[in-house]
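Shared chain: subunit A. Partners: subunit B in the first complex, subunit C in the second.
Right, the complex of A and B next:
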């Protein structure tokens, strides 16, 4: 059996003349939480909808739990859950009713767990969906998905409309589910602090392609911000690190790099004593990549020197 | 076991766990032969991936600070290289190295740093 819960190869999807996915290749290991980061329109939702079999790719391949996503056998479909904007129940549906429907649809559905989730946010089983706040709706839908104990859970902006305490509760429940069931989760969000709290792996996508993908611990371990007055020439670093982005602030050159098996001390030795090397949080890294990628710099005519 | 994690510092979580446990050994809060939480229990408590805990425990074992006994759990090692005193000295040496590196970037020579440490230590004494 493959160790990947999800695998996409050169996935393409066009909507008319708009290319939403442009050769997106991504492997997601079992038992991990992958967060997808990227600007609006990067292709995150399109990817999730293809994985769920809701839409078909224009080209390339997508596999979910070892089966092609576009023709998921019923057995696989029941092991995957999706919560997104466009799959809402009717306004008159109550948690009690949703519970009954879900129990009929999914053998592994855990009613007691679902009730416990609703109780945690004081949502009455008889409250109609239409009368709930945005945050309560998200909570109920995500709870339904988690209580179905899926092997793969796809959550599109699950924290949308949730207050910080509810967000933490939701992500704690997600982590418990992933750890207890060795399940896999793909989560999209724009809240970078949430990514830092929950992600095992991070994939940054832009214009339908993967720009950076790796374990978050590895990014924390290896990505650094280098600051120096004057220029830093990338050839000095070429065998030690790959350059993810760079910019200049007055006299200061700032580079974001990923070390290749060298220590910070060795890097400093190469760059000289007036260089400063810092750890970077994910937000800095994300902005560095989104705004200061070498390709983006080349396009705008600014070098890294 | 209480461990404080900062998910936003850029420091890998496994390393934060390693440092926190080293600190507890250095301060004597964890004694030789004390049993650490199981991988599963610590992952559940900290809401992190069990693989992160495994990585931290492996690093602690590699450093000689803990031993993993198959089927029994993870224990603070009785190895002489890992006495609270030696761990404490190593932790302080790490702090000193960081401070000296920062000070040298400010252009301060070593004796200036030592003088300042001594004078700060003298200032603190009357309060103790």
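Right, the complex of A and C next:
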């Protein structure tokens, strides 16, 4: 029995001449919340849609709960929940009807929990979906997913349109669900604060590839910003760290690195007394990778893990 | 064995409503207003049935809309979804056909045209009582055929023209054969009936098979 709720191997997906996923490999352990970060068009939504069985990969393999993620095989149906952009019920559908639709699909659907979720945001069971605000719609869809008690929940920007209180409530409910049911969640978001609030693991995707993946604590602990006047040559860092990105600011060279099991002191010893090493937050790290990813790595398509 | 789910059926039924209205109004008006004795080869009911079947395939096959992405991401297996699409289609057909059949069978049509002083009624009423069965036969053939052609067309990663043309060819051959088969007798008529049933079953199974790998892009 696999310990991975999701496993993708060299996953590719083309839309005409556009390559949305380009050899994406990712393992997601059971019982974790993985947040996917990446710029628009990085391939996050495409990945979730493949995992949900809505579209097929052009190449490579994807496994969901141990089964190939092709068009929702019977063994997976009802055990995976998805909330995505452009994936909404008809405007005339009411929460009461949606409850019936979802209850038919998942045996574990908890009607009382769904009603409780709706009640929390004062959403009437008879209110048409089209008459709800954007935040209420998101809330209803995410509530449907959570009340299904799925083993795997895929949330594509679930907090889009939610006010801060609703966002907190949503992520608290997600965390409760993951803890209670030993479920797995993959969440895409552009809000770094949300990542820091909920993530066990973080994966950064760009141009259809995973360029960084690891536990949030590990990233916080091992990623550093190295500043040095003049240049920093890569050989100085070989075996000590992986270079995630770099830029120059006037005479100053800045590198973002992930330490390979060495201390800051050892790094400083190799780089010399002119170097400064700083801790970086997730937002700085994300921006560094998105904007200053080494060109050679980007072209070769190799991950930085 | 598929278990019918009320919520899913209701959503699909509502999606198919324009097709149901078009078919229902067309057949009912035809039954009430057609002044001559209804014949199996009359073109108008055939056209109405074809229109309703095409609309059903198009309305229940909008795989690029958010509402279908929603339905297809609820956790139903593809076969369950296909079964419910067929169920919604069958309900739409029944909603059009049963009242039309009742208009004929209960004598309402005959009585109405008798009042309008048609020379054919009520004398000819028994001769047209079986005509709605021909429409049912058309529906049974055209619903799976249209769904199959539509799903085949919606496959983005496969060649689709061949399948659609094959469906058109099968339909033309079978429809042209209707008239011939009616005049046949004995074992050959039964053989043709079996062939008709086999084509319908193949279209249903073929549609279900294609539906399993269908992409839902919204």
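Of note:
The definition used in the following text is that the second predicted complex is superposed on the first by the 290 of 305 C-alpha atoms of A that agree within 3 Å, B and C clash if a C-alpha of one lies under 4 Å from a C-alpha of the other, contacts with A are read in each partner's own complex, and residues count from 1 in each chain.
Going forward, a residue touches a chain if its C-beta (ideal position, glycine included) is under 8 Å from a C-beta of that chain, and two chains touch if they have at least 3 such contacts.
This one's a predicted model, so the numbers in the text were calculated from it and none came from an experiment.
After superposition on subunit A, the partners subunit B and subunit C are seen to fit next to each other with no clash.
Shared-chain residue A:172: touches subunit B; no touch with subunit C.
When the shared chain is aligned, subunit C comes close enough to touch A:97, but subunit B does not.
Within the superposed three-chain model, A:261 lies out of touch with both subunit B and subunit C [touch as defined at top]. Once the two structures are overlaid on chain A, subunit A sits at the apex of an angle of 150° toward subunit B and subunit C, using CA centres and rounding to a multiple of 10. By the touch criterion defined above, A:148 reaches subunit C but does not reach subunit B.
Looking at the shared chain after the overlay, A:54 reaches subunit C, while subunit B stays out of its contact range. Of the two partner chains placed by superposition, only subunit C is touched by A:81; subunit B is not. Once chain A of one complex is fitted onto chain A of the other, the partner contacts of A:197 are limited to subunit B, with no touch recorded for subunit C.
The larger set of touched subunit A residues comes from C, when the choice is between subunit B and subunit C. Of the two partner chains, subunit C is the only one touched by A:89; subunit B is not.
With the two structures overlaid on their shared chain A, subunit B and subunit C come no closer than 26 Å at the level of C-alpha atoms.
Subunit B meets subunit A in the complex at residues 7-15, 40, 43-44, 47-52, 55, 104-105. Those residues of subunit C that touch subunit A in the complex are listed here as 5-8, 10-11, 14-15, 66-67, 69-80, 157, 212-218.
Of all the residues in subunit A, the ones that touch subunit B in their complex are 31-33, 171-172, 175-176, 178-179, 193, 196-198, 200, 217, 220-221, 223, 273-274, 276, 278-282. Those residues of subunit A whose C-beta lies close enough to touch subunit C in the complex are 52, 54-56, 70-74, 77-82, 84, 86-90, 92-93, 97-106, 148, 150.
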